[in-house]
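Letters are used for the chains, namely A, B, C and D, taken in the order the chains are written, and counting of residues starts over at 1 for each.
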Amino acid sequence: MADFGFSISKPQSIDTNDMDVGRLQALEAKVPSFKRCINCGACTATCSAGQFGGFNIRRIHNLYRWDQRKGLEKELQQCMLCGKCTLVCPRGVNLRYLIIRLRKALADNK
Amino acid sequence: MKEREKPVHGDDNPKPREVKRRLKSTKRISRRKRLEFEEVELPLQVAIIGGGVAGMEAASVLTEHRCPVILFEARPELGVNVKNKYKIFPDFSDAGRLVETMTKAMDHPLITVNKDTEIVEIIREPDAYTLLDNKGVPHTVPAVLLASGYEPFDAKRKEELGFGIYEGVINSLQLEDMLREHKVLNSLGEDPRRIVFLQCVGSRDEKVGNHYCSKICCITAVKQAIEVKRQLPDTEVYVFYMDLRLWGQGYEELYREAQEQYSVRFVRGRISEAASTFDGRVQIKSEDTLLGQPLKMVTDLLVLMIGMEASPGTQKLGKTCGLEGPYGFVRSKSPHLEDNLSDKPGFFLAGTCKRPMHIAEAVNDGRAAALEIIKYLRK
Amino acid sequence: MTTKKHYWNEYQKEIADDKYFYERSCIRQTFFPGSETAFLRILKEELGKDILDVENQHTCTGIGFYSDIVPLETTMTIVARLFSLMTEAGYENYVPSCVTSFGVFSEIVDLWEHQPDMLEKARKILFETTGRTFELPKNIAHPSDIIYKFREELKEKMRYRLVNRFTGRPLKVVEHIGCHYAKIFPDKGVGKAEFPHVLAGMIESWGGEVVDYPERRHCCGFGFRQYVVRANRGYSVANSKKKFESMQPYEPDFIVTNCPGCTMFMDKWQYTIAEMEHKTYDKKGYGIPVLTYEEMAGLLLGYDPWELGLQLHQVQSERLLDKLGIHYDPNEKYKSVSGRILPNPEKPQYLRV
Amino acid sequence: MSSNFHPFVLPFTIGTLALFSVLILKYNKWISKFDRQQKKLIRRNLFTGKLIPAVWEMINEGLFHKKVSRYNRRLGYMHRSIALGWFLLISVGFVETVFHFQGRGHAPWIGVFFRFFVRDNQTLSAWIFAQIMDLLLLYILSGVTMAVFKSIFSKTVGMRKTTRLKLFDTSLRYSLWSIFPLRLLSESATAALADNGGFLTQSLGNLMGERFAGVVELPLWTLYSIALGLFLCLLPFSRFSHIFTELMLIYFRKMGLREREKPTGFTRFELSACSRCGICIDNCPLDSELNITDIQPVYLIRDIRNRMPHRNATENCLMCNRCESDCPVGIQISEIRRQERDKKKLDTHDNYGYIEDVQSFNAIGRVIYFGGCMSHLTPGITESMKKIFDTVGQKYWMMDEERTICCGRPLLQQGFFNQAAELRRKNTQLIMESRSKTLVTSCPICYQSFRKEYNLPIKVVHHTEYIVTMLRLGKLRLNRSELRLAYHDPCELGRGCGIYDEPREVLSALGQLLKLEQEYKNSLCCGYNLGNTVLELDQQLKVRDASLRNLTDSHPDVIATACPLCKKAFQHSTTQPIKDVAELVVENLR
């Protein structure tokens, strides 16, 4: 290949046309309460792992909503499964189970 | 509600005249009053359970139509829930004065006010209701208006927010008191450097079983934030919210004013923990969800915007009358044209015993219920 | 759809009838000079118009101006001199070949209208430096406006239609309007900025079908500073890519543009993308041909493709010519003006030619 | 007809031989799969005094079924009548045979078919034996009758539910049930012919009459032998293998063997020792509150034995251990469930780089106070504990004041063994580096973890234990009032760690502790137990409501508990005061 001295920039926007809705639907079927999230951030605020920086469970599951899976598997491994997020969620989202299922889904669909 | 097959006074199917006779025998209206109002068109008496703004407004309207009213209030005073506020949105008018005006109107020859009186049982008679109060006195009336109202959410149930544990954590009613006294102070008695408001405490929270929105807290926080800034211009004010619902006339403008003129900072995120700091202040944990970044903040005061729950009276009477709706509120016949009616003829509903309402809405609802009652009695 | 189709009708700009002063484009003269020649030929020979093409003209500074390199005063003076050429020749209708020039002239004229002192300043500087004077043009029109205006007359003279000879169906044409045509002053474009009709009108009149794809209004990716700085070229090509990906499902037969930058980048970036990512946007790997409106008109009028300069484009157009039913001599493709057959240019690795 | 052999004894003989060879093979295989530590324990304890209590327990459990009886008398009788009765039948039969032959050689099957082979024995001793044997047979038959009833109407034996069985098990059960009636009938037939029966068989034989008995005698004995043979053959492959395995298990357990993180040969013994009595079903809140009926230990064990555990059965469990506390065999079901939850691929290494730079604190002379993750959401508990430390003049280091490294138990419970170990390693390091001698924790989950999973060389106490010690030392003095208190036993503290009395001692010192319908080891889970990830909120709340009903039935002024999670669960549902033991202590300090 010729060296052009530059490469094509990746678009910042998420191309939702390329996304596989089935993956999200499968997760929602496993954890029905996931659909109820209103992104209030209580989970991230209280998160034990999040206190050490870097881990943001709300961001992770929002990225998964748009089928943006890159790097999520590694990121999710930081969860200590302590359950505080589940306890503070005002919408009763079963976050611990969501995390386990999400980890499984990410591991299965590389 | 108990259905009484045999009426207390014997007759199986009393005719209206008989009801009237019985009413006289209950002697709730003095002879003098009856003489004074000999031209009374509706000599039947209406019982109103709850002397809040809805109940009082209904009583006023009923007397305007010359209908005698007997009003029961469980507490020693009328209009307490509104009176507990200092100024009310959106015009910052005086809540105390509003209640005063309404209470004054209760001093009317056709209105009998029974304070400190709780209705413990309602018995349905054919064409009438007998109310038993906590002193054991029965009151038989052809129509009842339930206006037993709401109760503020007990923030102790959200222990993670530290209400009742840290002095710096207060609820929105306590802030009203502070504002009235012009003494918004932190736990050390100093001017607060920072005040944080948290929305949706006890509302929209499945963990405490309240899925609904209490509707008034968003605008109340905006109002209180402005009042705080008026009294303490140097205090930083933050409002943490999940969604801001500023739906009424003038509300959005107030929000804009809070941002622009008073530099109130609005943060989209729920606070999930509070802890104390070494200097007696409160540290909160939240997330700026729009940034996707968790944050910590130390504040002098954390004000919990507590929602509205059905009052114990509403819950109890709703249950005994078989009108129990969701979350312990009472259920009206239908939400559009029959919102003041219950599915029991002669039994009417008004105000926040049905759902969270703001003051004007509750007043209007009381007024509407009064007109429904008149329509019913004339029939 | 109805709204979209007819929205352009709500605005029709004023386009002079005759007596045009033509100003050349830097890019077009260099990369596809056949287009300008064709324009002059169409106006003179097909339409019998008076159009003047003088020798002593120069750049309008557009690329430098929009890259924030050339100061406003310089550009004003340059514009003033070009107008003085027009005034000197006794013309009043200014026709700049380049869309960016069109933008520059419109902008400077607008500035002068709002700030007469700037006009005075320009007159003064021009006079002091060159001793020239000028009048403002009565009408500034882009050449595509003029072709658009006379599209029906030209249709009568055309030997071909925008119809696929093999299937009998209209050719699917992507039209792309240069940003500076109507995005600076929507009033200066036919159909304004959102639904410009200048190229679509030609395509529809001449039998083709306009492809209305999602990224139709997106910039071609040239973006001046994005291209001028090499490190930023990734952004430039990414924008073109976005357009190609958006139009690809419609399987367009060719792209037609009215802007030198657009023609060049939509054409050349196809090569770049093919070399970098091995991706082309037509099924067979040849890419989508990019024509100027003059080339399109010229082809339909029966001009020789090689004289129009189609071989100078990166994406080659033989397959399009076949569809149109236009005869061409492959041996003539690389013949110089002097009649010498030049050696074939080096072929790209991935893009088929 | 007193020869020593008849072909009909073959099914029984083959069955017996098959049973013992299969059992020996199986046990041998399982023992070989013990892990190193378990093997060491066996080598060390094989011939020690542990044998005697083991045998004692074997008799109590294997024959008398004491634990089952304690749980439910009728169910105990049923099991006992069959087990003990059969055992005695065999023993007495053996004695009878030995007595009869007086040391002369006899075939081993004679004891089982004694009446058939020894017909002309009219001595007094023979008559006495016959009566005893009939009595035992009657005893067994009464148990069998109950079992038949139980399968039809589970309530007969006092159980709400009974175990649902598969075809294989059902057929086996029928063969067991048929053994004893067949024995009764065949002995009766022989009695009719040879006049050698006891009170039961002789009278039934007389009823049959000689002619009929002559026709059916041999077929009946054959059927009896076949039923026995079939049952013995199939036994090692069925739930009835628990009869023998339980004895082995009791012995191993006395030697100190326990479940490990991953399944071992010991697990096979435990699985095989389950008799599927179904007591665990009755105790399961998911069954009683949510009508989830396929996840209880009995089904999980069956599925693991059949090598097809389904995900729902392993995952959907609160791990409240209410089942285990009443299991007559004492199977460590939660540990087995956890082994099944092994997340394998998901259980990754090196996940928590971010905790590495957390520093310890020099806490010589201080206690370490570890609130636990959840206590950050119940500041009432941590604030009270700080106040208590201050009151008794104890300096402390709150290890997780700012940021918590989870104890690891929530991960462990879900089968993330490596990840849990990673957290344990870091916490251990912090604790050891602090050089403190005592660790006080407020969260029963952390407590159980520190106590059982950490192997810390320092003292680990729950805050209720700490408060009790301080009360006993007189460092804390409380005002006693008439406050009516209902105490909720948290699963992890009570059943998990056996801490029942300490909180009660504290509460009794400050108020009046009410008796509850379900408490101590029968306490009901609050529904928020971290052992379950699958339940949705509404389901958790149903479990909680049942638990709360049990607490409010006695109309307490305050509901007390000793776990932040339980506290939150109840707090969410009611305005009634829910307080931790520590909070009540602070409120009632003298």
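The rule we apply is simple: contacts are C-beta pairs under 8 Å (C-beta built on N, C-alpha and C of every residue); 3 or more make two chains touch, one makes a residue touch a chain.
Owing to the predicted nature of the structure, the values given are computational and were not obtained by experimental measurement.
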A-B or A-C, whichever has more C-beta pairs in contact: A-B
Most central chain, judged by mean C-alpha position against the global CA mean: A
Centroid distance [mean C-alpha coordinates] between subunit D and subunit A, Å: 40
Whole-Å separation of chain centres (CA-atom averages), subunit A against subunit C: 47
Cα-centroid distance, subunit C relative to subunit D, in whole angstrom: 86
Shared interface positions of subunit B, touching two or more other chains: 160, 206-207, 272-273
Junction residues of subunit A - those touching two or more other chains: 46, 51, 84, 87-88, 92
Multi-partner residues of subunit D (each touching 2 or more other chains): 376-377, 537, 568
Touching chain combinations (by label order): A-B, A-C, A-D, B-D
Subunit B contact footprint on subunit A (complex, rising order): 38-47, 50-51, 56, 58-59, 84, 87-92
Sites on subunit D touched by subunit B in the complex: 376-380, 383, 537, 541, 567-568, 571-573, 575
Touch list for subunit A against partner subunit D, complex: 32-33, 46, 48-49, 51-55, 77-78, 80-84, 87-88, 92, 94, 96-97, 100, 103-104, 107
In the complex with subunit A, residue positions of subunit B that touch it: 160, 200, 204-207, 242-243, 268-273, 285-289, 292-295
Contact set on subunit C toward subunit A in their complex: 230-235, 237-238, 241-242, 272-273, 275-277, 349
